[in-house]
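Following this line, the structures themselves.
What follows is a pair of complexes built around chain A, which joins chain B in one and chain C in the other.
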Partner chain A sequence: MPWLFLAPALVLFALFKYVPMVEGVRLSLYEVRPFLGDVWVGLDNYASVLTDPLFRTAAGHTLLLALGTTFGSMLVGFGLALLLEGQARTLWFVRSAVFLPVVTAAAVVGEIWRMLYYPAPDGFVNTLLSWVGLGPWPFLDSPDTSLWSVMAVGVWKGAPYDMVIILAGLAGIDRQQYEAAAIDGASVWQRLRHVTVPALRPVASILLTLAAIRGLRVFTEVYVLTGGGPANSTTVWMTTLISRGFEKQDIGVASAAAVLLFLVTLALTVAVRVYRARKEIG
Partner chain B sequence: MSTRERVARGRGVAQRYDTALGWVGGRAVRAGAGGRVHWPALAGVAVRVLLCVAAVLVFCGPLVTVVSGAFDHTPDPTELSLLPRHPSLTNFTTAGEYGVWHYLVNSLVIAGGALVLQVAVSVFAAYALARKRFRFSAVVSLLILVTMMLPEEAIAIPLSLVLGDVPVVHVNLQGSLLGVILPLGAWGFSIFVMTEFMREIPVELEEAATVDGAGEFRVFAQIVLPLCRPALGVIAVLGFNMIWEQYLLPMVVATDPADYTLTVALVSLRSNEEVGPGIVLAGALLALVPSLIVYLSLQKSFLRGITTGAVKG
Partner chain C sequence: MGTSTRLRSLLIAVLGVVGLVGAGCGFSPAAAKDPTAPLEVWTRSNAASAKVYEAIFAAFEQATGIEVDYKAVPIDFDKWIQRRAAARNLPDVLINDTGMLGLYHSQGLVTEIQPTSIAGGTDITDRAWDSARASDGHHYGVPFSAQAMVTLVRRDWREKLGRPVPTTWAELVELATAFTTQDPDGDGQADTYGMLVPGTTDRGYLSWWAASYLWQGGGDILAPTGDGGYRVAVDSAESVAAVRWLRGLFCDSKVIQPGALTTSTADAHPFFETGKAGIYLTGPYNFGRFDKSLGKDRYEVIPTPAGPAGTTVLGEGENVYLMAGSARPDAQRALAEFLISPPAQQIGMRGQPQPVVRLPVNRTVDVHATYQDPRWDLVASSYAEDARPFPNVPNFQPFRQQTAEALNTIFASCTDDVPGELGALATALTAELQAQGMAVP
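Right, the complex of A and B next:
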């Protein structure tokens, strides 16, 4: 009987997760030649991924982007959570409004920011910057600023998500600790530093790992915002992989890159789980 | 009066402990002696209001420019603003000529189909995992867990090959909406959220029903499902969001621009020289509206979902 209930899930997982997974590993060991038959090449595809300068640049960008977006979102999310903590109805309203970027599809976010980032001096963001005496900046148009601009969009979409999680953490802090700190004469800053932040540590570690794992597979935002350009200044692992696989039809190499991404993600996830489990026991 | 209260009173305004920063509410402004204005409290409230306005502008402003640009007759990317200057609907009619309504229908069919499938599949699987004891149940859980660790993007290329010739049944799903719907039909996260929830429902209810002679499917449909309504809201809203976010999957499944979803079509619309930004913004707005409707109507479920999801990780 249980198998009857499980069957739909297992069939769908088998067909659309496990078969492709196995197929991906198989393809990564072949030189794939449509209509001519595949040729076994062993680990050559892996070697060419690891020595390919474009994949190396992409790996660097992916790490930088993942780190920057993760920490940026967490900092901004923490600030938002401190600002918007509370029961009042207006605060609830502001929180709902601030959360909207999270539910906006990444492709739409990309299109919006491409326009806001319009690099001329009278572009939207540049106009705002000129009011405070900054800019104009080229944003996505120059290799010097493009990666940072992509990162800022990631923070914009990620921070409200972190805010919600941090708010849940803040709600779990015992109010008597705040009261006790006030009696001891602690200033608000000291209370924040010695009571609030330590209490949020478990929440922060969850956010960090979730975001870091998600950050490694970033694709849509980058693809829509810059397509990896200009001059490959924003290529990430997934955009390189996709252009290798679909545009250059180099399916073997692209599959090897995909297997590597999976292995890194898996290693990271398992490491985090083991670390957390050990901490709970110890 | 306790010492604590006396200490607090000594500062003029009762200290508040319900927020980490100790924000005071509007009432504290009039809490000075004899109902006079308490200036530090007023300054605190003013700072907070200003910061809230700034936050709303930063996080909602860009979305408002989409609305105004979509309804503006001559939106120039250099002239995005918070209000349209020449309000009109021409962007939508022109966008229609480029097939935007067709893309929207594609997106909605995929979202509807995949969501119904996903929720049904999750509920069935969760019922088995939460309620039945059977051999290999740990193996099944592990198999589902692995699919959650697998980045969907990493299997995009082999998945597109598999969809071209689905094993066993040998159908070609490339270029059909089913090719997007079926791979989204089973989502590990949704199964786990549902399983956790079902574990908390007391078994006694089902046992009583079984004693009364109800069959397996009746117990499931009439006892378990109605009790799961809160969790159904959670997996429905998170599932919709996950499906609406999809980009790479519909892109690789499409064999022809007519198969595009709205989000995929946006990029090709924008790269078309003849299409002005106003039309792209009209498309972006159409892609934005369904997710806003779903979020605003199921907001509580959404927030509960992401907080429990993050904690269970």
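Right, the complex of A and C next:
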């Protein structure tokens, strides 16, 4: 009986997830030529992914972007949470407003930021910068700043999510600890450093691992903002994979890259699960 | 700008990834095609040119009784085709760039054509038939339209600044610099740029734009060796000089619009229409659009300004491809024969605002009489005298893509080491040439 209830979901999952996944693994072992017949190449596709300088650059960018976005979001989210903690109605409104980037489609976010980042002096962000005597900056237009600009968008989009989780964590901290610390003469900074931050450690570990894994699969923002350019300065694993599969028509190699990404995220996820399970037992 | 473009690109990319792991012959054997279904025809068209194609196909249905199921795919056409190919279920007929022939042929997606067996085939110019021939000497498409790249200039800006029509590279740069620095739109702000460049590496767009200038400078990507083979010429002294000159536009005189190196063609047009940039090397198919959005009297089509080695421009066109696996080969052929007939060619040329047949491939169709527009006479003479296509290797796409990536790097980083970058590119292209079996031993 329980299987019957699960059946619709299972069928959909099998059809749209598991079968395609298995098929992806199969394709990664072939030179794919749908109308001429696939050619078995064994692990050659994997070798060409691992030795391809473009994929290596992309891996570096992906890691940097994942780390930067994760920590940036945490920091900004923490700051926002401290600012917006409380019960007042106005705060509730501001929190909702701040949360909007999270629920906005990544493609829309990318498109809007592309306009905000318009690299001429009359671009939106550059106009703001000019008020404080900075800029104009090239943002996405220069290989030196493009990756950082993409990262900033990631932080902008990710921070409010972290804020909500941290807010929940903050609410769970026993008020008496603050009071005790205050009575002992701890300054605001000391209370933050020695009470708040340690109490948020479990929250932080969840956020970090989730974000790090998600960060490896970053695609939408980069694809919409820069498509990997200029001069490949923002290529990430997924954009390289797409370009390999559908611009150079190398479906086999692209599949191998997809399988590798899957294996890495799987390994990371399992490692986190094992680590957390041990901690809970210990 | 280009919002819908990018969103659609994104959609297809996402679907593509699903397809990437979901398609393949083991899992989804080609559904046997239904011979009674309408002929499925795809073109790479926006909504405006789709209307013109609809008129052509309506005439076809009326003439032959063969029903057409027409889809206009404006964005990521090539990626969609690859998906359909991976599922072994291609449309029956495509109309797409001549430059795709090599790729389609190497993937076995297109069927062979005997020019002599196509009704009306003898009326097609030899040059057009050449553009439907693969490197193995056989034909895998039926020519449909031809064109040469043209230089558009904001006439009102040029006249306001009292500049002559540029006839050389040096004058072109002078004009571009004046457009950038002398406030041609008179709004008191430095918000205009000399040249408009669709410089993204997506689809290798940057190579499409840069190729004409590379040739005008005496350089080349691949040079024919005379015996049917090719050698890489992208690191020759002339190529280096031409790329140095292009690099100067980006890095020294800075006359290119901001964001050029991530801008696609569709995203670029609005820069010209809205008065952001004043010189645009592009295809002639946008006259109608720019006449409407910008005004016919505000821009002009000028004869190509000459580089050190002449006025060569990229001249390509579009072919009708009869795709593999179709259940209706006779209907495929009937459509191709109709599309090259004078009535169909003329409907295509008269399309507003965009003609889908730019220059006719049928020599019995008179450009001057059909268009009644001196600008098209200029395109026709440029095509006849100065245009050349990309080389006829089995698959030029990897060359176009890698060249675009290398040029994008040079223009973005403003490196002084142009020979070094082009040398590295040449090494990669030589390997590709060998892989495709076209290198001279």
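Heads up, the rule we're going with is that the second predicted complex is superposed on the first by the 282 of 282 C-alpha atoms of A that agree within 3 Å, B and C clash if a C-alpha of one lies under 4 Å from a C-alpha of the other, contacts with A are read in each partner's own complex, and residues count from 1 in each chain.
The criterion applied here is as follows: a contact is a pair of C-beta atoms (placed from the backbone, for glycine too) under 8 Å apart; a residue touches a chain by one contact, two chains touch by 3 or more.
As the structure is a prediction and not an experimental result, all values here were calculated from the model.
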Partner contacting more residues of chain A (chain B vs chain C): B
Contacts of A:113 with chain B and chain C, given as first, second, both or neither: first
Contacts of A:19 with chain B and chain C, given as first, second, both or neither: both
Which of chain B and chain C A:34 touches, first, second, both or neither: second
Which superposed partner A:190 touches (first chain B, second chain C, both, neither): neither
Chain B versus chain C as contact partner of A:179, first or second or both or neither: first
Which of chain B and chain C A:230 touches, first, second, both or neither: second
Contacts of A:245 with chain B and chain C, given as first, second, both or neither: both
Interface residues of chain A shared between complexes with chain B and chain C: 16, 19-21, 23-24, 27, 107-108, 111, 114-115, 118, 120, 122-123, 219-220, 223-224, 238, 241-242, 245-246, 251, 254-255, 258
Chain B - residues contacting chain A, complex: 3-4, 7-8, 15, 17-23, 25, 48, 51-52, 55-56, 58-60, 62-63, 65-66, 69, 77-81, 120-122, 124-125, 127-129, 132, 134, 137, 140, 143-144, 147, 149-151, 153-159, 161-162, 166-168, 182-183, 185-186, 188, 191, 216, 241, 244-245, 247-248, 252, 263-264, 266-267, 270, 277, 280-281, 284, 287-288, 291-292, 294-296, 299, 302-303, 306-307, 310-311, 313
Chain A partner contacts - residues on chain C that touch it in the complex: 1, 3, 6-7, 9-10, 13, 16-18, 20-27, 76, 78-79, 82-83, 85-88, 103, 107-109, 189-191, 200-204, 258-262, 324-325, 397-398, 401, 405, 408-409, 411-413
Of chain A, residues touching chain C in the complex: 16, 19-21, 23-24, 26-27, 32-36, 38, 107-108, 110-111, 114-115, 118-123, 138, 140-143, 219-220, 223-224, 226-233, 238, 241-242, 245-249, 251, 254-255, 258
Chain B contact footprint on chain A (complex, rising order): 1-3, 5-6, 8-10, 12-13, 15-21, 23-24, 27, 80, 82-88, 90-91, 94, 96-101, 103-108, 111-116, 118, 120, 122-124, 156, 160-161, 164-165, 168, 170, 173, 175, 178-179, 182-183, 188, 191-192, 196, 206-207, 209-210, 216-217, 219-220, 223-224, 238, 241-242, 245-246, 251, 254-255, 258-259, 261-262, 265-266, 269
